[in-house]
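The structure that follows is given in the form of structure tokens.
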Amino acid sequence: MTEIRLETIRKAYGDVEVIHGVDLEVRSGEFVVFVGPSGCGKSTLLRIIAGLEDITSGSLKIDGTEVNHVTAADRGLSMVFQSYALYPHMTVYKNMAFGLENSRMPKAEIDARVREAAAMLQITDYLNRRPKALSGGQRQRVAIGRAIVREPRAFLFDEPLSNLDAELRVTMRKELAALHAKIGGTMIYVTHDQIEAMTLADRIVVLQKGRIEQVGKPLELYNRPQNLFVAGFIGSPRMNLIETTVTEGPALVSGAARIALPPGAPVTPGASVTAGFRPEHLDIVEGDGDIAVTVTFAEQLGGETYLYCAAEGLPQITVHRPGQLPVEKGQALSLRLDRKQLHLFDADGQVLANGLANG
Amino acid sequence: QTELRMTWYNDGNEGEVMQGILDRFEEANPDISVTLDVVPYQAILESLPVQLAAGDGPDIARVTDLGGLSEYYLDLTPHLEDPEYWRTNFGPFLNWLDPTGGGAISGFMTQLTVTGPYVNKTLFEQAGVEMPGEGATWDDWAAATNEVASALDIPIPMAWDRSGHRVFGPAISMGAELFDEEGNPALVDEGMRTMAQMLYDWHEDGTMAKELWGSVSGSTYLGANEEFANAQTVLYMSGSWQIPQFATTIGDAFDWWAVPAPCGPAACTGMPGGAALVAMEGTEHPEEVATLMEFLTQEENLAEFYGETLFIPGHLGLAESGVEFATDDPRAAHALATFAAAVPSISPIAYEAQGYANNRVMFNAFISRLGEAIVGELTLDEAFDRMEQDVEQQLAEQAR
Amino acid sequence: MTDTTGFGARATRVVTAPLRWIFEALDKPFQALQRLGGIGSMPWWFLLPNLLFFGGFVILPLFINFGYSLTGGTRLFLEDRTYTGTEQYAFLFDCGNYADPTSCREDRFWRGIYNTATFIFFQVSFLVLFSLVTALILNRKIRARGFFRAVFFFPVLLSPVVVALIWKWILLRDGLLNAALVGMGFDRILFFVSPEWAMFWAIFVSIWAHMGFYTLILLAGLQAIPPDLYEAAEMDGTSKERVFWRITLPLLWPNMLVVIVLALIKGVQVFDEVYVLTGGGPGTATQFIVQYIYNTGFTNQVQNFGLAAAASVVLGVVLFVLTLVQLAATRRRDGG
Amino acid sequence: MADATAQSRPGVLAMLTARRGRGKLHWTDVFSYIYLGLGVLLMFGPVIWLALSSFKTPAGLVEFPPTLLPLGQISVPVEGYDDPLLLFSVTTETGETRELAQIRRIGIVRQMVDPAAPDERIDVPIDAAEPIREFDMAWENYTDPLQRFDFTRYLWNSVVVTVVATAITLLINSMAAYGLAIYDFRGRNGIMLLVIGTLMIPITVILVPVYLVVTQMGLVNSLWAVILPGAATPTGVFLLRQYMLTIPRDLIEAARMDKASEWAIYWKVVMPLAMPALAVLAIFSVMWRWNDFLWPLIVLNRSEVYTLQVGLNAFQGELNVQWHYILAMTVVTLIPVVVVFAFLQRFITTGIAASGMK
Amino acid sequence: MTEIRLETIRKAYGDVEVIHGVDLEVRSGEFVVFVGPSGCGKSTLLRIIAGLEDITSGSLKIDGTEVNHVTAADRGLSMVFQSYALYPHMTVYKNMAFGLENSRMPKAEIDARVREAAAMLQITDYLNRRPKALSGGQRQRVAIGRAIVREPRAFLFDEPLSNLDAELRVTMRKELAALHAKIGGTMIYVTHDQIEAMTLADRIVVLQKGRIEQVGKPLELYNRPQNLFVAGFIGSPRMNLIETTVTEGPALVSGAARIALPPGAPVTPGASVTAGFRPEHLDIVEGDGDIAVTVTFAEQLGGETYLYCAAEGLPQITVHRPGQLPVEKGQALSLRLDRKQLHLFDADGQVLANGLANG
């Protein structure tokens, strides 16, 4: 089992610094997911760990040994690429055996390892095919198989599912989780898919512009985002975020919204506060609610319903309810927020409160 | 107005001289215009025959394959005012243009050439070696040039143009007959073997450089005029046509001297030759062509032409009376005199060979096979067999 | 290319204005054809002009050529020529022992064939080798890559005659190379007198002239190899040598095949550059099959069209076999 | 962090040390730059040598060892002589060197004069005098042959042939390629086989039959005889078709939905997209046509239709090899190619790379 | 406004028939979505309508006129391709104007139309750019703009959103809906995305293997699938389908499941019946439920939770609940089905009942 530690890692391409001092500890056997918007440096960080990019400054330690100058081949890690990077001219078997042959392992042992991995991934039937003759999911498994056979100290994944179609993605996601449960190795996984991050991760690392915004367990990030960025980034559809002014009461006021807060809420009258509430924490109520809105668009998915609503002076408000709601376009609704799930952020985007007493 | 086309190639300034005469002609005959189409010599050899065969040829052309193209020539006789003038002054050469011997008049020699050696007299002087004199044999010359070369560290004692035509004169001197009793070509006989053996040996012992004869294939012509002009060779076997060129490129850098053809057991002869301006049968204006040809062959025009171009006259009258050559270079004048003087001593076999329509077949067979022998692809004996085969096969093909 | 306002673009517009006019004018008739024959007939209309030219200037001459090969004599027009049947072919193939040109009636033809074979063998191998090495190097992360690419491609644009003249000028007895040799204390080498050297330079010069083209094809192939394969190999701990043999080369193979086949075909056709460079010599050491055909049909006093045509038909058959090889090879590539 | 500093090191040094991988300088890096350096020397050197040589006098050309730059002998005006005299550096018997002008040469002796003291004549053995020379371009290598014929006329003919032939080639080849690439029709494979088959016939072997065809069409001695026969190049069709195959079918169908006629699709959609391949073919076509010699030599025998190649070679007589002219004229014919190359080389590289074939 | 009618349309490539007689009427102004598994013939059908493929037999009528032999150009339809098929060498303006120029419309009118469409799609700023310089969403809009300017009789879309990333897909989906609301033309839309179909369509056409399985409004298909295929195809995650045997009671029995049915349920004891119930129609109950399961895998998305459960003798059972459920892997649950939402299918896959009285 392998522990990976990043100490104030920086990375610059020429004059442009893209990773600005990242500190992170990945514990042995942990499944860590890097998320963040495109270009935030997820891949770069992963490739630094892999040894495919040089480190500009800082120190990378694997199991306590600094490996800054150890080549990729000698770090003993395996990587699964977004494109899989399967060797197109080799059979599945050869693809998986290639890395082992490089280290001059006896043929018999190679064979044993390949067959074992293939059995585990259920690709034994395709061992003699070329990657071209495989479906996306099968290729994915071969790529993982190639990583597994080398019995690496840790696995690195760079958006391994993003080339698959939606349905297959769900399946493969579950398989990955099962795999981790089974072999239990240290895994670092890059994605920009919410659901993958939430469902796979032991811990999620949220990156923005080359910096870590928050690290934590999935539900911790979901329930207790430490800043506006994480609040907005985690959760799909996005958390509704409205900028308000605190009035006496205390209450948050902005356009068509007036949200009374329970006493003792950590706000000062007159301050600017951003209120965040997730779509599923809005109830449709008869009579007066916190926000009066008009439905601009309703998506009836059968098992759940999304309402996109407009309110005076506010950005679009999204409401997510289970089941099928008999709501029409143009209908006026009154929405009520669950105070226990209300997030408040100060003008700098730092959290003031994650949930209040119900008012 | 009638337009006549004359296909022409240049070795020196003859095109300009001819253009001057043509300008005068056009002045005198306002209803005829003549255009000189100057082509690379390669076109005369390779393209012109095809064009003529296809009926796309010019009205008049300057050619060197005198007999080979004779089937395309126009017989001017009916259009000439004075055919006798032609017969008198161009007599022997008309037969070259009409190998069938029918007495047709098709054109005249723009240039008569005689093959023969040039030597770098200055080198002889520097080396202090006596130049072999009149009547010296090829062996004498070989020995003398070797002596000069080794004395002065000259790379090539002797250089010959890579051309069958050049070889045939000396070969006749060695006793080659070229034709059998019936007049059919018989390329390889004792004389020819002696000549070939001699050349072969010279290449082996370094008298001649393999660069020239050994470095290209087939019948490709290669001259040594540059080597000679740069004093890299002591003796250069070529011909009278080099005079104008040497006069400009060598000038007075050293004394280049034309010497009489060296001797062999049978004769001391060079090959005659030259280029002829001939009228083509395909012309649509035979009358005008004849008018032009008559104008060009007027004595004063020819005299001007030969004089300006430093060509040996192909006009018996002018040869007799002498042409005033436009050079004040004593070396050129001497060379011209030497070659002109050699004309009477040319062997009849040489004339016969030059008049033979398929002479190039013989030239080429000889030079290409000998070349292969010199580089060692064939033995000399194999080469002789191949020469005969080549001649036989090509003549057979032509006879089909 | 995307610049739509610069001088270049304006110049292009001016130059292409007449072209545009022509295209515009042709629109109407083609629309009429489309209305008449439907879309199904359109390919033929598009092919028509090319096929006319093709038929007239390639296919028809090929037939005439075949006609020539069955006739003899020196007449130009087919109808004037004497029918000889397969005599010309028989003459070409009249050999005591096919492996020994001197035993053949037409020894030069066979020498041409063997010389061509030798030439192709070395030329194609080294051409491919050097193209590959150059492409590999140009595919690295080097500065001024465009410049170097241009440098290697530049000779492709020179005409064969110019190429040959340039090198002849360097290789002459008193040329640059001999000057260098003498300068370094060696003896002069008369390159065109020794058969081995002449063949060497014929091969060298033709590689020099054509390498850029093949390099570009291989470079395109190299650039099409996804870089992450190399990274994957790096993660797999693959040595550079092994990466080359096990990844680069197999993935480049389709392009290599194109290069090899094209080089083979061009090699069989080799003529003018060597003709100007060595004149086929010394002796017949660098006389190739196309030069044999050219000499036989053209430069000899007796222009033997029949024999030349027969030899060219033989050459055509050889080329056709090479074509089939290429087709088979590309088929396999497309299919597998 | 040796690597990081290497990355940001500017200029030549960076160029020399930049390389593919990380880690130590691999032997392949060293090899690459040596190879590239030699490559530049070998690829460009000969051409530059040719260009330099073309400015040498005939004597300068055959000089051994050759000089790098063209040199000419200095001549000085000397009092009492009408023409300027050539200057030599003379080693006298006493071993000192003097600069003397030559009056004339007689045998192995030069009659010389000291330009400073024109009255005294000095006899010098020829091997004691060395010509004094300076940098001098022999422009006459260019001007002489160009004056010998109607240069502008031949140039015009060459330009007409090159431009018209290239235009026709591009037009009909692209039409054919379009037909073969975009449509699926009976007979397509047959035509492709024909195209590929004829791709391999060297024109040299069918010169005479083609000449026959041209004669029968009455084209001899017109520029059309040079323009037409090579217009339908199998190479061009093949190259363009391969490229057009990479154009997405969707675009064609989108254009059809947009009411475009097939001809409009061809020239408004496919042609612009095939630009790289067209540029490559254009370059090759210009090159072929401009350099064409053998064929024009056969079909053109009237000077008003000569192309430059025929005209330039016309000074090659039966018996002369005048290197100074040949080299100069070679440079002349090179110029347009160099210009075309300079302008279009990026097309070539993208074009061929993209078409993946010749 | 345009009505499109397909009458027993068949299409064969060579000997292989890929469309086996399709009858369909697309009403004027209607937004019809074709869905179905890959290779079922969606694109082929759309291309037949467009005129890009010949019809093997049958009749295609636009506004009552048979157009079988009318070329694509003359049918007056517009198509948006999956790849957008923008002309890469033309500016956005030119791309949009191209079709109009082909019909020799006056320049001024072309300009007016293009600008109007561009304004509507908010791409006025990019009119002079080449497609290369646009983002995915912008390209998408240009493709739609190109379709709009021609004021076609109907719009055809072939998976127009499938090349976009998830987030953009959501945005563009909403824009498309807004567009249809605004210009109201007849639209035929091919997708294999559940959510697009559910949210965009007036009517959905479910295709399988070249045949129409069911046509109907989205919620109608969701709530009342007419056969097993539609039941399994519509809805994500899929409906749980288990094969059961009817016992006396009546009740459905299979492995760990015993589902008592209300009396009068349309089943005969002894028969084989497939029971279908959507993940969101399963309640977790204390004590006895209908199915006893063990959780194999739980996905906590924050706003909702998916449970993947194993039950003896049954395929995997998916449960979908709103909110965050404190469920652990391996936990045993008892599930209860909502009888009102239970679907029963006979052995041939035809529906027996869509919803029963609560038992």
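Labels A, B, C, D and E are assigned to the chains in the order they are written; within every chain, residues are numbered from 1.
Here is the rule we use: a contact is a pair of C-beta atoms (placed from the backbone, for glycine too) under 8 Å apart; a residue touches a chain by one contact, two chains touch by 3 or more.
Here is each chain with its UniProt name: A, E = sn-glycerol-3-phosphate ABC transporter ATP-binding protein UgpC; C = Sugar ABC transporter permease; D = Carbohydrate ABC transporter permease.
Computed from a predicted structure; not experimentally measured.
This structure's chain pair with the greatest number of C-beta contacts is C-D.
The most distant chain from chain E is B, comparing centres defined as mean Cα coordinates. Measuring from the average of all protein CA coordinates, the nearest chain centre is that of C. Placing every chain at the mean of its C-alpha atoms, the farthest one from chain A is found to be B. Chain A and chain D have centres, each the mean of its CA atoms, that are 60 Å apart. Averaged C-alpha coordinates put the centre of chain A at 93 Å from the centre of chain B. A straight line joining the Cα centres of chain B and chain C is 39 Å long.
Note: centroid distance chain B to chain D, computed from Cα atoms, is 35 Å. Residue positions of chain D with contacts to 2 or more other chains are 62, 208, 212, 261, 264, 275, 323.
Under the contact definition stated at the top, the residues of chain C that touch 2 or more other chains are 39, 76-77, 298. The multi-chain contact residues of chain A, meaning those touching 2 or more other chains, are 71. Against chain A, the residues of chain E that register as touching in their complex are 166, 170, 174, 177-178, 192-195, 198-199, 218-219, 222-223, 234-237, 278-280, 297, 299-304, 308, 320, 322-324.
Chain A meets chain C in the complex at residues 50-52, 71-74, 77-79, 81-83, 85-89, 98-99, 102-103, 146, 150. Within the complex formed with chain D, the residues of chain C that make contact are 1, 19, 22-23, 26-27, 30-31, 34, 39-40, 42-47, 49-54, 56-62, 64-65, 68, 76-78, 133-134, 137, 140-144, 146, 148-155, 157-159, 161-162, 165-167, 169-170, 174-176, 178-179, 182-183, 208, 212-213, 216-217, 219-221, 223, 240, 255, 258, 262, 265, 268-269, 271-272, 290, 293-294, 297-298, 305, 308, 312, 315-316, 319-320, 322-323, 326-327. On chain D, the positions that touch chain B within their shared complex are 58-59, 62, 104-105, 107-108, 126, 148-149, 208, 211-212, 215, 220-221, 297-298, 301-304, 306, 310, 313-321, 323. Residues 45-46, 49-50, 53-54, 65, 68, 209-211, 214-220, 222, 358, 360-361, 364, 371-372, 374-378, 382, 386, 389, 394-395, 397-398, 400 of chain B are the ones touching chain C in the complex.
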